[in-house]
Every structure is written in structure tokens, then in C-alpha cells.
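Attaching a single structure in C-alpha cells format; questions to follow.
We call the chains A, B, C and D, going by the order they appear; numbering starts again at 1 in every chain.
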């Protein structure tokens, strides 16, 4: 399943107004352009309502922001793995700090995603939870100390030992599970720092979505990542 | 905002496999055809990922199955009112028995929907909760005793007094709020019974989505509803 | 059921360390002493684990901080109405801003409490939600704008119109439902202001529990309330 | 921390009417008597409101049914580790199938319990989740397939391979973590089967609480367990 080339840059569009509808499409097109220019894998995570629109229009990998631990059926207002796959997603975030999941539900959601060959990127708030996440054999784990999310202070700089410890622990325990680094990533320096610490990529949101010049900042980040291709 | 003609038939696609992606579109096209033929308003509620696809293709009203009580912003895996409106929905279900909401969140979600001129259809499990829902001045309240949902036994037949009481209470307290009848609606007889009891429409799911011949059953239901136009 | 004399002062012990175990008992004894001295009804709301201890030792009314919408049975880690009643509570808070409830669960919890003759005090974050709460016919509704809770700025002073509007709306709609005023109540002046606006009492927590001299502050508040006996 | 002698029999009182208040005390006294007679460790898990009552009256270990992932402070209607410890509990169940926890909350609750030297018994619904639970280094993990809870069909008999696999996996990965077996345990034969498969004890509820003769059934179970002392 690990068909994507590492390192990867994952762009979470959240529910930002700047990343809704046509603006989501515009941002995805920028991501596609920069990815093609630099050769660095860029994954975008639009809102559920925009998944199909984006997937039909760009050729970079699309992830959903969440799936519920359900089979298709009698569930109103839920997100099945089938629905996001049908809309064109090839993977999904799970357990983001803004969408924490029950332990049993996370387990079930990962299983359901695997049955559909959807990649899973589980977010974790500390080293212990990262190890728990890794034990589910997901595609990747993203370590994101909640207090740094959206702070502009990158975990790779402020708490580098969290990143390097998590990388070491997971690589030792589950060598096939990739480790991403989130929370506060806002510059190419932050990306370099993360990859230098052994991360296989980064996960960011506002620094790209809300940038005055999203193409510029993503280009810089991808340039930094090129050294680790 | 009450631009829609009553009675209405609301079709909840839930997360049914038979109502995902292109199959959602197919069902919506059937709904559009029957609605045009009979003059009865038919509203469809596809999954989030299918909202835009359906809205772009048919000219009947589209509702979302849920929205979260949030403004656009830093919310991962949530559903903003803005996102479903951007995708083409003109309204939303709220507080469905499969997606119950916190009281304070329901209040907030109704307010957010109103700011965007989205119609709100609040589901309620009994008369008391129907009155609470009505006090938020939504577009409509749907009374759905949970034990009858998906049962094939229509509330309008099995517990007609719940429907007539709720209609009476709400019409007296908030005359502008419409009252729909859900739970177990599976035939044109059930629709007739509901409208006879004073309901302004019905809400159903499996009886249409999983029907061997969805067009046939919806045509029968709309024919029954024509008498109340 | 309204056997208690108004106005009332309701003391929420929350999970404060200063109000756990023997310290909960100590605070309840202070409340009892001041209540007896002033003739003003004081209700204490200890943690679940302290309900019986407090109820066995003092003769003022005890409320639980929450109950779940369940019957006795196969529920692990939940709070049944029966369990808090058995422990000596005569009422319960519901839907506190730190323990928001699903609309349908709140309705069910109020019903279960009534079956056991437990008084219900529903917290609400704004006027609309206060009206919803009142429509369930609880013993009382407490209006508590969340942004003022624990702020030291009393709703009765900072937003007096919220209190007077809520009082007017509820007294008009459900005359038997009492209206309390919470959020930021921290002095006898705040109590006076609330009662002057028509409230039947106040709900407070930290200003009493964390006071250097809890007896002094409660005595002052009860003195202020005496004018409204 | 593992001061308790194995195997153990853990009795979950849930919210059963038959195990509330004085009836909880009565059942705990039976458990104490049988434990003393047989030398087998029996742990009881009363409701929050009964913890102190039971802890003051019997000399067997008391567990809480749940704790929330909070520090003492401004939390209404929650259960702090401090409150259950103060009431006399020496440990707590966590993540029971009727009280599932968020992954991050479970991690936090285990940490808080450890800071207070409270033993933690994490319930898990399958082998994968058992491994996740074990990675938090709790006192013990209880494997409980939800479909068998309260079924009268014991996991140790109906799905023995789940028990033996979980035992093997956890003993290999975290040798210090004990493995209990729950779900459907209703006779001494079920207990024998569980211990034979390598479990360090059993977790049960209705078979004891709702028994016509609780002392008889517990005596039989403890007799079966004596062979594994």
C-alpha cells in the first residue's frame, strides 16, 4: 500500500473558509503544481463536501479528514469509508486532535479503511499514544502535541526530542509504519528540522491554507523536502 | 424561507450503499422525475460527499443530513453550514436519532443555519422534545419515535395519537413551524395516514432507498400526497 | 415538589480538591450553619463519591451534579437517578456547561428524576436554551453564559438584561419554573443584583469553595438574600 | 503495585438495582466472606455513590467503575481519580464496553491513576485493542468481546482462542501486565476454562449480582480458582 514516495507533505484543509468549495480546488491545484515541479509528494485533505470536486480535478493524492467506524447502512450524518473512497479519496486522517476517537472506534475505522485499501494516518498527542496508534499497523502516525497546533511554533523545533523519540520508538516497534510530524509547522525550516529528526513527512494546515502566498510557502517546503527524497 | 410547497416528502439517503455516489445520483433523478410528474415537493438528503454531485445534477431541493455547530475555521473532520451550502444544499436535518445533538449544539447549529438561510428540519423522539425543537423556530420538526425507525411499522398508523398531538401542540405554540412525520413510513397508506393526522409531510429512508422499485413506491406516495396539495 | 423556600443559594462543589471528601463535609457544615443562622435556603452539590457522606452529616438539601438518562441496569460507570437518591440527594443539576447533555438525554433524565421525586435544575447558556429547558417543566432553570463562568464577573452585573429577559420569558411561559442566575457570582452585591432582576436564586462554585473564608462570603450572600425572603 | 494475589475475581456491580446502596454493601460483604474462606482475591466495583460506604465496611479491594481524564478542578459531574481514591478505591475499571473512552482520554486517565497509585484495569473488545491497552502499562487488561457481555455464554468457552491469543500476545509484549477474561462468565466452569487458557482472573457482573444465591455461585467460582493459586 505504501505506493507514495517519501517524504510527504500533508495539507489539512480543515473547515477553513479559505479552503471551501472553489477555494479548496484552487489550493489543491497549487499543491499539484508544486508537487509536480519539485517531485515531492503532496497530499491534500479537503472537507467531505469537496472531496469529489477536488479528486476529479487534480492528480495528487486526496485524503479525507475523518471516517466513522461504520459499514454502509442505517447511519444518518456519518462518514463511511465507502463514501470517501467513492468520492476519490485514497486515504484518511484519523483521531485528529479536533476529532478524537474512541479507542474501539479507531480500531474499527482502521480495519474498515484497510478493507477498502484506504491509507490511514492516525494523529497522536504524545509518544505513548503514538505507539498505541502504531500497534494498529496504520499507514502512518502523525505526532502532534495539541498545545502546538496552530501555534506557529513547530514541534520539530520546540520539542525536537518528542519527534526523534517517536521516530525511534515506532521504527523499532513497527518498521513499516511511517512517522509524520505535525503541530506548528509553518516554514521550510520547520520541515527541514522534522525530516532531519527522522520524520517521513509533515502535516500542516493554517500555514498553507491561510498564507498570503500559499504557492510560495509550499514551494519552499517542498524544496526543503527534496533533500530527503 | 418557506418557499417549498407542502406537503413534502423527505428522503434520507443515510449511509446506505444503495445511495452512495452514482447510486445517490440515480435515486435523486428518480425523485426529481416523480416530483415533476406529480407536483409534490420531494427533498433528498444525500451523504456529505455526494451533496455537490447531486445538487449539480437535479433541480429538486437538497438537504444535508447534519451540520456541526461551528463557524468555518480550525475544525478537522467537521461539517460546517458553509460547506453544505457551498455544495448546493438548501437545508439540513438536525438531531436525527442516529446523530443526536447536545442541546446547546442544536441551538447553535440552528442559529448558524439561519444565518446562511439554510432550512432546518429537527428530528425529535417524542412530543416533549418536539416542543423543545419547535421553540428554536426551525423550518420544521419531524416526530420520529426511535423504536419505529426502520421497523416498517409507521408511526402514523401504530401511534397516530403521537402525530396528532404533536401537530396540535406545535401548531398552537409555533404556527409557522411545519410538522413532519417519520419512523416506519413505508407505503402510500402510511403517507395518507400521516397527512390525514395533520402532518405537513413525511420523512423516510429505507422504504425508498432499498425498494426493489423506488420509482413505483415514490410515485404511489406522491399520488397519496397530491390530495393534500 | 417546591418545598424549598426561595430565594435559594446553590453551591456547586465541582471536582475541586478543596471540596473533596472531608473537605466537602466541612464546606457543607459551613453551609448548614449559615443557612440556619440566616434562614436562607442553601443547597450543596458535592461530587458523587461524597453525596452519602455529606447527606448523612448535614440537614440542608443535597443535589447531585448530574445524572445519566438511564434506568438501573447494565450500565458501567454511569450515574442513575436511583443511586444519587439512595445516597441522599433530593435533586440534581443537569446540563451544566461542563457536562452538556444530548437533547433527548436531557428530556429522559428529567423524566427519570421526576419519577423519583428528584428536583431538577437545568443549566442553560442563553435565553433560547433557557426556554427549551423550561419547556421540560423542571424545578428550576439556571441561566449561565459560559463565558462568564469562573470569571469573577457576575452575569447579574455584566449582562443584567440576559437575567431579566430570561426571568420574564420563563415566568410568562411556565410560571411554576424557578429561574436561577449563575456564572461569575462572587459577592453579596452580585446576589443582590440577581435577585433584584427577578431571579429566584443563584448558582455559584469557586467563589465559595475557593474562598479564604467561605463562611464569611456565604454569610454575606445570605444576608443579601434575606431581603428577598 | 501488584500486591494482589492472582488469580483474581472482579465483580462489576454496574448500575444494577440489586447492587445499589445497602444492597451493594450486602454483596460486598458476601464477596469478603467468600474471599476470606477460599483465599482467592475478590475485587468489587460498586457505583460511585457507594464506594465510600463499601470501602468503610469491608476489607477486600474496591475498584471504581470509571474515572475521567481530569485533575481536580472546575469539572461538574465528572469523576476524578482523587475522588474515588479518597472514597477508598484502590483501582478502577477503564474503557468498559458500556463506557468507552477516547484514546487520548484513556491514556491520560491511566497516567492520572498511576500518579495516585490506583490500579488500572482496561477493558478491550478484541486482541488488537488488548495490545493497545497493554502498551499503556496498566495493571491489567480484560478481554471482553461485547457481543458476549451479559449473554451467559462465556468467552472462555465460546471463543477460547481469543483468550489464549490475547494472553500469549500480552505476556510476550508486556510480561508485567495481567490478563483477565470477561464477557459471559457465569459459572465455575467458565472460570476454570479462563484460567486454564492462561488468564490471571475473570471479570463478571450479572452472574453474581443477579444470582438467586450470590454466595453460592461466588464460592463455586473461588473454589475453581483455588487450583490456580
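The rule is simple: a residue touches a chain if its C-beta (ideal position, glycine included) is under 8 Å from a C-beta of that chain, and two chains touch if they have at least 3 such contacts.
Since this is a predicted model, take the numbers as computed values, not measurements.
Asker: List every chain that touches both subunit B and subunit C.
Answerer: Common contact partners of subunit B and subunit C, which must touch each of the two, are absent.
Asker: Interface check for copies subunit C and subunit D. Shared numbers divided by all numbers used: above half gives same, below half gives different; which is it?
Answerer: Interface between subunit C and subunit D is built from largely the same residues.
Asker: Need the most distant chain from subunit B, centre defined as the mean of C-alpha atoms.
Answerer: Comparing chain centres, D lies farthest from subunit B.
Asker: Whole-Å distance, subunit A centre to subunit D centre, using C-alpha means?
Answerer: About 38 Å, centre to centre.
Asker: Could you put a whole-Å number on the gap between the CA centroids of subunit A and subunit C?
Answerer: Distance between chain centres, rounded to whole Å: 44 Å.
Asker: Which residue numbers or ranges of subunit B touch two or more of the other chains?
Answerer: 97
Asker: Which positions of subunit B touch subunit A when the two form their complex?
Answerer: Within the complex, subunit B contacts subunit A at residues 12, 14-17, 20-21, 47-53, 65-66, 70, 72-80, 82-84, 86-87, 93, 96-99, 149-150, 205-206.
Asker: Spell out the part of subunit B that touches subunit C in their complex, as residue ranges.
Answerer: By the definition above, subunit B touches subunit C via 95, 97, 100-107, 124-126, 128-129, 131-133, 135-136.
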